[in-house]
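Labels A, B, C and D are assigned to the chains in the order they are written; within every chain, residues are numbered from 1.
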């Protein structure tokens, strides 16, 4: 009875699923900071473990639409500020059924004002004081304002459901496809099949999630058969081994937006002509080739390529140095000199800065690159500097806007604060029909495309390697979506 | 020689002061890093409110010296504090990361001493000769190769091309239970110190073997091996002992690269992660550990030097 | 005859200089063959040729035949052949162990110990336990000498080359060591003795070969040689005439250097010098005598600021003298100069001797380098060292030559007090006379140094105005030389006086 | 004959030195970027991780390595030698303690941690990196100097030189250093290599030089992922670094051996 969720993810190669086997998957980790508390999960390894043990009410499909998971269905009222969510029949590993109380407990735990759980900001629209269980398996969520995209909240990163009252995670109990066996932070975690899983028991007998921080270690382990699945490989690794036959390379497209952010409220970028000139300076192909080693596609200064509501109709922007020069001249910014903040927070980041510097030089703009500390980079660029490297994982376009582009957004790195834009967003959230919302999304995106602060030059593939006997790995699942790092649908041939 | 004991005692006392200095230095540097544990925990979602909340929850809003004092007070009760990033006790965390590092270090040193000394003695056997040149050049070559390059090469050949050995220790919780995974890391760890130790020993040996007292020992009919090992070697060892102490220190604290390459979750990994997470209690705990190790090792090396150059009373 | 050492027409030239020029020598088993000759005549070089250890750049012709197997060797400078990082016991046991290899394992240890003890006793180091546990630098010069001798005795070779084996030994021990060498020869070993000590040579040798400037000028049994020396050089060499009867003398002036209640010790050991009082007056010559190991060198080192682990006071002109050279200013450094017992160890092996000698004047008197070299050359020449010699590095000088260079180095400071530690031990009689004359002349001159002569040589002691006798770290007797030697109170002083008398008789 | 012994060292060290010196002049302008880790298209050593021409990067990348390594080693020894000698020559315990204990504190901080921290606090330029590398090298080098000088410093010659009123420098450098020259030269060579290695490892950990800097040591690390696609980007700079360090060490050896056997 789960019409909305795919019965089985599209496999990397066909064949009849086989039961049994023990799969070892290698992820980059965070050492002792790793945790099994799904609300704290921050790293990909944490997320993969959380996904094995727990469920969310909803999760994202490959186009970032929310797909029901523990929720069987959801229905809004007309004002879109009261949503009734009906749970499916599912049980935790200890046999207790998943109930409305568990949902409310989990959400209240996440939004605990004294704590700082990851999904706290995403759950902000929900008024949990007023929300209540209307039956053992129905929850009525009261929202602080109309929210047409409320399902996105249910699918938010880290909004996992834990049993009511849980506060310790040394022997975690969830409703997910695998049961907990053991865990050593920074090293390995072991899980076994949950035969009673509501979405059908996994094919695998057991799953190990092991940690190898270094990419080459993950690759070598994969090549030597120490692991069967290696998460996050580099584009050059992919190219080197794609046709070797020893490993299967899976490219998860559109996983990470790559770009630069310009502070739209400070010189020189407070002048839209300068921002446009910068849009035109970027040679996106060169950036993708050089910084992503070709593993990605070009961007069009908009977030969410391939996602629901993405404005595909807006023509692709190309490098035009003459126009860029003209615009700069018009803005009185000839011989412009700006500082570009960057930091080795992700592969390709610093390279992109270097490439862009060279491109800008051809338009008469001098860019000084300042390499910041990678551990505090995101905080540092939020309010200081004028131009900085940026990247973002997958999330619905709505989430991108609400978190980064509204006057009250907490991580508004472009300082994009427009009353008219905010109004469009509110209007969109209050619009019930999809077509109407779609039109509003397009208007917002057009505005961002012409004068926004995000210079999005590309979308990086997320590269996963598996041993050839691993089947059922989803190929079109950007990182953090439902089918990414999903091991209940995987089997060993 | 009766003054040996007070000397050690005094050195241990200054050692404690030194360790305190190390802790403070490391703390000051870590504190000077941009951002704090809250910022690091927030990562790419640096919501100011969230950061403020984390900061409050971790007591990061209190001044450093207060936190340091509290940590020191805890230390007196044998409590190293709790990790900011994971909320787990630091002592337990270090205790978990120590065995892999110790295993690697002990194994490496056990092989290093005979190999390095042997190489040096062999090369010094005929200083300037063909064997010496070959050995020296090879040693220099290997010494100049950083671990990450050597690691890649050895892994490519021994683990991937001729699949003789497992390339990483990924997912292995007890290294000693799967000794095969230790071979590559130990080889890589060994490579550089063997070469540097060998060169120092060679230099010392060449001088010692040319000294008149070596000539006299040979003249007295002592077999060449005895002259080499019992007479010349001790005189060549003082700098080598210093170097060895440094190497052990490095093995215990600085094998970040090898741990990363072979996915061995030891102290180096903890260190890098702790710095990245601005996890001060862990960094302090590590600094304490490093400081104490260094004090003990330096003391050992000085004691050896004291014994090997008895004429030099100044060493005490 | 196969056991004989045979040297025929040996020519050695080093660095273009002919050091040996047609040396013939035969040393028979069971006999002591002595090689005598002035300092620098080639004795050590001959000895090294027997060992096959001439420097790599030496050009050698002629024939050297030595029986197979190792050759026992007592080098002239014992300090350099003792491994600084090995205790005396280990050095001896290493050798002894080779001798007991055919014994059953269980008995080897005891046998080794027994042999080591026997060798030590034979080398006159009876206090075995304490000596064995010491490092070489913790032994006195004479003790080191005997340790090396013990090594040679332990070796059990068929040939022993002993280069100045009795330097640094006091008269009593010297006689006993000579006795041991004779006993060695009686065991059928060929002993080649290179020595300046004519008393020992005459008492011990069966055959004496006289070298002069690298040539053998004559040879024969000692009695014959002493009775009828053919070569004028030999006559001069063998003439045991006393240096000079005290020479010219200045009236002793005020006290320059005074040590009061000096108690010196080494790290972690009982004091080696106890409550010593000593005065040195301007223009005076003081002989410091005593058994080997009695603390003479230590006393001198305390005075000269090289040993600062002591209690008590040292004053110069009534003002306290800093215990360490590091704290002495230029003037006070220059005022008290020390000539090292082991000259070879006191020179930098990398630099020419002349440069090193001249530096004293440059550093301590502020003389211009050119002028300092001239002064140094002049002084060295007076000590019998020509310019060609001193332009070389220390390695190319003989033991006696270096000893004189060391003396010149100290003298160049124009010291007020000169502490001479066994500076004549490595010199032949004529050279010794020459050096002593040089010293006394300088001392008698205006502003000349007061001399403290640490010596085992009765001649040198005789030269002194006053004698102080050290025994076991205590000054047991002190007074005018004539009185002390005429009416010795202490057994050691008595032995010294006897030895003096006997050499005096030797002179006839 | 005597010249010949310098030949291997001179050749090995000469090529990298020459490239480092002349490279920046020969490099010319940056052409357009290609795809990373490919060969051909006018890139005769292929492209690097950022699609740049490897040969051009090689030409540009020597200067920083060579200057940092040489300057840091020289600087480290300029500090460590007097410190180590002073510690070996002094008899004053307090002086020795004040000289060596602070260094021991530095020594007790693992050098990579120190670099990691300092470089993160203040991203260093070339000069900063040099200072940093020198800083972490000094304590170790000073200890080695002290250990090897202690024996020579306790010889009677030193006492004789002191009674001669010889200056500290002459004793320390003129005698003690000379006696320990062989060990020190071996150590110096090792330090030079150590600094090269340090720069490379710092790059591995993501500090020190900018990640896309033209720098042989950085290139080796950054181009590692493409080793199986386009080996030259790793192999060439690695060989140059190797040649530099082996060559200088061989030169040291050759010079010393000559001094020891004057003919």
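Simple rule for what comes next: a contact is a pair of C-beta atoms (placed from the backbone, for glycine too) under 8 Å apart; a residue touches a chain by one contact, two chains touch by 3 or more.
Just so we're clear, the structure is a prediction, and the values are computed from it rather than from any experiment.
S.K.: If I average the Cα coordinates per chain and compare with the overall Cα mean, which chain comes out closest?
M.R.: Central by C-alpha mean position: chain B.
S.K.: Among all other chains, pick the one whose mean CA position is farthest from the mean CA position of chain B.
M.R.: Farthest from chain B by mean C-alpha position: C.
S.K.: Please tell me the distance, in whole Å, between the geometric centres of chain A and chain B computed from their C-alpha atoms.
M.R.: Each chain reduced to its C-alpha mean, chain A and chain B end up 40 Å apart.
S.K.: Averaging over Cα atoms per chain, report the distance between chain B and chain D in Å.
M.R.: Comparing mean C-alpha positions, chain D is 20 Å from chain B.
S.K.: Let me have the rounded angstrom distance from the C-alpha centre of chain A over to the C-alpha centre of chain C, please.
M.R.: Taking the mean C-alpha position of each chain, the two centres sit 89 Å apart.
S.K.: Could you work out how far the Cα centre of chain C sits from that of chain D, in whole Å?
M.R.: So the centre of chain C lies 49 Å away from the centre of chain D.
S.K.: Two or more other chains in contact with one residue: find those residues in chain D.
M.R.: 91, 120, 151, 154-155, 224, 261
S.K.: Quick one: which residues in chain B touch 2 or more of the other chains?
M.R.: In chain B, 33-34, 152, 235, 272, 275, 309, 311, 313, 316 touch at least two other chains.
S.K.: Hunt down the residues of chain A that sit against at least two other chains at once, touch-wise.
M.R.: 216, 372-375, in rising order.
S.K.: Which pairs of chains touch each other in this structure?
M.R.: A-B, A-D, B-C, B-D, C-D
S.K.: Where on chain D does chain C make contact in their complex?
M.R.: That would be residues 91, 151, 154-157, 159-167, 174-175, 178, 261-263 of chain D.
S.K.: Okay, in this complex, where on chain A does chain D touch?
M.R.: 215-216, 234-237, 239-241, 286, 289-291, 293-294, 344, 350-351, 353-355, 358, 369, 371-375
S.K.: Considering only the defined contacts, which chain B positions touch chain C in the complex?
M.R.: That would be residues 1-3, 212-217, 219-223, 226, 230-231, 234-235, 307-311, 313, 316 of chain B.
S.K.: Quick one: which bits of chain B touch chain A in the complex? Just the residue numbers, please.
M.R.: Answer in residue numbers: 33-35, 39-51, 53-54, 56-57, 83, 85-86, 88, 93, 96-97, 152, 155, 159-160, 163, 166-168, 170-171, 173, 260-263, 265, 269-270, 272-279, 282.
S.K.: Please give the residue numbers of chain D that touch chain B in the complex, ascending.
M.R.: Result: residues 8, 88-91, 93, 96-97, 101, 104-105, 107-114, 116-118, 120-121, 140, 143-144, 147-148, 150-151, 153-155, 182-183, 185-187, 189-190, 193-194, 196-197, 200-201, 204-205, 217, 220-221, 224, 227, 234, 238, 241-242, 244-246, 249-250, 253, 257, 260-261 of chain D touch chain B.
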